[in-house]
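Structures given as structure tokens follow.
Presented sequentially are two complexes of chain A, the first with chain B as partner and the second with chain C.
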Partner chain A sequence: MTATISTTSVTPIRRRRRSARLSPLLVAFVLVPFLVESIWVFWPALQGFWFSLTRWDGMSPPAFVGTDNYVELAGDATFRGALVNTVIWLVLFGGLSVLGGFGMALVLQKERRGVGFYRAALFTPVVFSLVVTALVWRVFYQPDGIADTLLRAVGLESLIRPWLADPQTALYAVILPALWRQIGYVMVLFLAGLKAIDPALHEAARMDGANSWQRLRHVTIPQLKGVNAVVLSVIVIDSLRSFDIVWSLTKGGPYHSSELLSTYMYSTAFQSLRLGYASAIAVVIFVLALAVILGYLVRAFREEA
Partner chain B sequence: MNKLRTGAFHTGMILLSLLWLGPVLWVVVMSTRSFDDIAAHGVGSLPRSFTLDTYRQAWTDGGELRALINSMVVTVPSVLLSLGLAAMAAFALSRFRIPGRRTILLLMLAGNLLPPQILLIPVAKFSELTGLYDTLWALIAVQVGFGLGFYTFVLHGFMRDLPGEIQEAATIDGAGTAQIFTKVMLPLTRPALAALGALSFTWIFNDLLWAITVLRTDDNMPVTPALLGLQGQFVSSWNVIAAGTVIAAVPTVAVFLRFQRHFVSGLALGAVK
Partner chain C sequence: MSDFDPGRRRFLGHLGLAGLGALGASSFLTACASSASGPAAGNGSGAVTIQSNLSSPQAKAAMEKLIANFNAQGKGTASLNTIASETFRTQLPTYLTSANPPDLYTWYAGSVANDYASRNLLLDVSDVWKSLGDYPQSLRTLSTDASGKQIFVPMNNYWWGFFYRKSNFAKWGVQEPKTWTDFLALCETLKSKGVPPIGIGLGDTPWVASAWFDYLNIRINGAQFHRELLAGKQRFDDPKVKAVFTRWREVLPYFDPKGKAYPFQEATTALLAGKTGMFLIGTFFADAAPKDALGDLDFFRFPIIDPAVPLAEEAPTDGFFASAKTANPTGTRALLTYLASTEAQEAYVKASSGIVLPANPKAKASDSPLVVKGKAMLDEAKELTQFFNRDSSDALQPTADTALTKFIDKPDRIDAILREWQAGAEKVFKG
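After this line comes the complex of A and B, so read on.
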């Protein structure tokens, strides 16, 4: 932070947009928000890394243990399970929401009768909290709930199981509501991107005899490059952050079968009170997110240039 | 042929819409069923009763009223404060040659991209240290701090693209920095502010993780975490839980309907560039 104060007089015409005068007010405009973020984000983040090198129960002061926590993580079966589940989550939740969202955006991009309603329908869950989403779907999964009733109606009783309480199905039963809520969101991002494509490009491709698949492959998708990058970052970051929906539906159970790194971190920290160990899990989440964060920042940096 | 395709399109989309709206409608309907009805016929059956007493139970016995007040006490100041601070930073960084402005901006954005998990323990400890733990102040503070980076980044992009002549004209007319900010820039930034306002309202209102990290007492919980408590309190009263769910969803749905255009353009803000 090196905002200097100078009082050069303004020469508006030559220096478009920016005057060189840096009043104390301007310095405060930058410093105050920056300090607020420093107190609640930057400083805690640095502390988080430090805590991951300690053993700490929250009462007595943290004791430095070097990389012990990371060594323990390597041999922790629950952690490994949570890591695998997080990858499954990333692939299924991330992949399917991109495919579904993009597909829906393609189908609903052209203005025609009814499209507004369909878009609104798919978008509705986006405004709900994940806890609301979870409770809606809990009804669906209840014994004798909608899922079971539907299966009975088509004669597939044999498939019925306690969806959220069966370690075999719990993770997937949690992904489904998360997808239900995310697809509408991704669709809106792609709709905005599709709208920004110059229709003349499609027109030219059509003149050259390209069929609709070729136009999708060679016009639409390349034109969406910027949107794709944003969607990808959003999806990866969202996946790694996913917590609410799992916490509301299964708390990571049964037997850690739907445990993600985020829920394991939370229960280790605030239920087992192993704050040092939980910090190490948080650092792992951070490292996994790092590549995407950096990619996003590089893009942002180029834009600002 | 064309007619056939239109028919297939609408049939498919109506089925899909039903898949999306069905579960929601189901919960709304279930919130009006009586306990005996659900106990006798299960949550998967069609309604055979009608009552609104469930809403009274969720509202008063379940503490949803208290929780909604908490939510508003947190959400409204958080939105105003974070957008206000972000607008200040964005204004200074986009319209003036502040040394290192690009680094500052990206650093602030980077803070928002961090997985919150890395912050949870330090933030909980820091709020204990400052005596803010288990108060709504802590939640407001962390919501403002964590959201700032993203709002600043978006507003910066918006303000940077405003024509410079307006600011110059105001400067020639003798307006100071503060006046240019409040009288010229803020009004011009209104579309972006409205979009971010609608978005941040739902984000903060819907938050679970920060609330259960810095709050402990049930009476202090906003409506999103309180909904999980309600589930524990009314274990098998699915109708009351459904009523509580509807109550918790109404404010964000209302904001969305009121600011629909802003909301969607807000989501798209980052996407098209």
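After this line comes the complex of A and C, so read on.
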């Protein structure tokens, strides 16, 4: 922290001396994006908060109902299910993609022959749009599809079920393709972090007689602290905005068993046409995202101070 | 620190993104309805714009042909705007409430149209109906709103039934059933031959299950009760509704277990390949069937359960309504009059897949045996229903999807399912 200040504070002082007044160009660079954001993001978002206090079908004018929507949310079993599923999603999708991505990055960090191929192969799923990914996985899961054929080949017929239509498996069957894609992405983030670690640190640790586990635990992981912040925010954002893959595979069904907050919000708004109630769900999503990120931010600040 | 420096500034950047992402979630909801910005519409004398959800290749081509014919007549000009059906469905309220809406829309008759009419969003087309004197009373009633004016012009309707392949029924040595008892016997025979008797496709298209609910309800409780139930005047946890599910349970063991996992299009493929015996579906499924299989298809009406209940059939009616705010009501009415004409309706039947019945009684339907049989079935019916969402609303449909797919999975929990359904429906009716 102190180091950052001392290196960066030199230039601003010099610049300030050069121009006492604010450059109009600078003002424009700040104000124009702010105005655009205000119109397209902040204003609708504030409106969203207002709509969450109304009953609105999208046609008649919204009617103010106070906190009715939030009271209803508290007693809504589907909402609770979606909340639990979102937490499961956050833990499984987030946790496994960090573990998988980190593991893959460790395995593939050393420059060996053919390592580029494996990295590219793992990263390929990121290139596909999630809707395309969903189409591919649907073929995989369909009755008598690849998944069933594989299970039959190894004598596990008894496990075969309608993967996406069984409430026991639907959520997990959707997490898998999402992970398949996310691991490659997280791997690339970690690879960049690993590359940036000074080899001299490992050299020194080796000299001190640290084994490879100790070097991982006490050199690599602490050095990746900065990357972790990025990975965490990417994971939380990606988890809470996960919608496309779920919608294209199950639409939250069968009977809400793979419903996430995002899919529930969409179906409430655009299928049930209850835009006030859907706005209340959107506000909950916003608060959740803010809570997780702020929680991390506060901790990060405290450590740096 | 290392070269890779995700320090505070960078992190704050991400926080900002996260905030925006979440804010975006709510703005996403508001953007579409609060800033209603419909496509440009025709002005007083300009072209009538028609928003069409008929996006399947054949239907789209048929509509293009109709509009070209209309323009060639010189009574006005129209321009067609074809939109993917799911987008159309979600955007329709926005179109209608925007300040400068398109003039004319393809959509469904029944309570969906009446609901818009009750909000004064639809153009009074009683003038157009003056020239439709020979249309059957049933269609006129269907197109009339609560205040007694006509707000809808029907184009055609189609029917639902148990479709099967004639060659397969011959191979299995079975005949069309007439009564519920015959139907159960047929299912048993097919099952003993190793064929899953009843095909269904609920993955991605769970609304197909509503056909079963609709039919059982109109066969057991009658069309009147069915309509009242869907309008919120009866309760889903009523014992009469439970009776529907008790009946349904008798045939649940005969459903194709794979049907839960694939959409109706694949259920169609399964039926055509002889992997299922029969399939309760609307005639639109034939769009997904290869042409050479069409001649081998036949259907029978949903078996009679209680002969005392007046015979009703599902016959969803498609057609047009216009925006009350149209800048060109004269042109819009002229186009509607043309679309309702014998000439336009026959041209549509010829250009589209053809398994539809034109609304105009003078227009000739396709003379294929299938269409002749379908028409006879509907003519015989005392009452016609539309379909679950058309007799209620698109908003009520998801509550049915949840209840019905859950019932098919867990028939033992029917009491709890019906209670949840009633609670979900009340929320929808409340708004």
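Operating definition for what follows: the second predicted complex is superposed on the first by the 262 of 305 C-alpha atoms of A that agree within 3 Å, B and C clash if a C-alpha of one lies under 4 Å from a C-alpha of the other, contacts with A are read in each partner's own complex, and residues count from 1 in each chain.
Assume a contact is a pair of C-beta atoms (placed from the backbone, for glycine too) under 8 Å apart; a residue touches a chain by one contact, two chains touch by 3 or more.
Model, not experiment: these values are computed from the prediction.
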**Report entry** Partner chain in contact with A:G253 - chain B first, chain C second, else both or neither
**Finding:** second
Report task. Tell me which partner A:Q223 touches in the superposition: chain B (first), chain C (second), both or neither. Result -> second
Query raised in the report: Touching A:V139 in the superposition: chain B (first), chain C (second), both, neither?
Result: first
Query raised in the report: Thinking of the overlay built on chain A, is A:L151 touched by chain B (first), by chain C (second), by both, or by neither?
Result: neither
Requested in this report: Look at A:L92 in the shared chain and tell me whether it touches chain B only, chain C only, both, or neither; answer first, second, both or neither.
Outcome: neither
Query raised in the report: Just chain B (first), just chain C (second), both, or neither: which does A:D57 touch?
Result: second
Report task. Applying the touch criterion given at the start, work out whether A:A210 contacts chain B, chain C, both or neither, answering first, second, both or neither. Result -> neither
Query raised in the report: Of chain B and chain C, which one contacts the greater number of residues in chain A?
Result: B
Query raised in the report: Regarding the shared-chain residue A:F286, is it in contact with chain B (first), chain C (second), both, or neither?
Result: both
Query raised in the report: Which partner does A:F270 contact after superposing on A: first (chain B), second (chain C), both, neither?
Result: both
Query raised in the report: Residue overlap on chain A between the chain B contact set and the chain C contact set?
Result: 3-4, 40-42, 44-45, 47-49, 51, 58, 142, 144, 192-193, 195-196, 226-227, 230, 234, 237, 240-241, 262, 265, 269-270, 275, 278-279, 282-283, 285-286, 289, 293, 297, 300-301, 304
Report summary line: Interface with chain A, chain C side, in the complex: residues 1-8, 10-11, 14-15, 17-31, 33-34, 90, 93-94, 96-97, 119, 121, 202-204, 206, 257-258, 260-262, 266, 394-395, 397-398, 401-403, 405-406, 409, 420, 427-428, 430-431
**Report entry** Footprint of chain C on chain A - complex, ascending
**Finding:** 3-4, 40-42, 44-45, 47-49, 51-52, 55-60, 72, 77, 141-144, 162-167, 192-193, 195-198, 223, 226-227, 229-230, 233-234, 236-237, 240-241, 251, 253-256, 262, 265, 267, 269-275, 278-279, 282-283, 285-286, 288-290, 293, 297, 300-301, 304
**Report entry** Contact set on chain A toward chain B in their complex
**Finding:** 1-4, 10, 12-13, 16-23, 25-27, 29-30, 32-34, 36-37, 39-45, 47-49, 51, 58, 107-108, 114, 117-118, 121-125, 127-132, 135-137, 139-140, 142, 144-146, 148-149, 180, 184-185, 188-193, 195-196, 226-227, 230-231, 234, 237, 240-241, 243-244, 247-248, 261-262, 265-266, 269-270, 275, 278-279, 281-283, 285-286, 289, 293, 296-297, 300-301, 303-305
**Report entry** For the chain B and chain A complex, residues of the former touching the latter
**Finding:** 9-10, 13, 16-17, 20-21, 23-24, 26-27, 30, 42-45, 85-86, 88-89, 91-93, 95-102, 104-126, 141-142, 144-146, 148-149, 152-153, 157, 164, 167-168, 171-172, 176-178, 181, 202, 205-209, 212-213, 224-225, 227-228, 231, 238, 241-242, 244-245, 248-249, 252-253, 255-256, 263-265, 267-268, 270-273
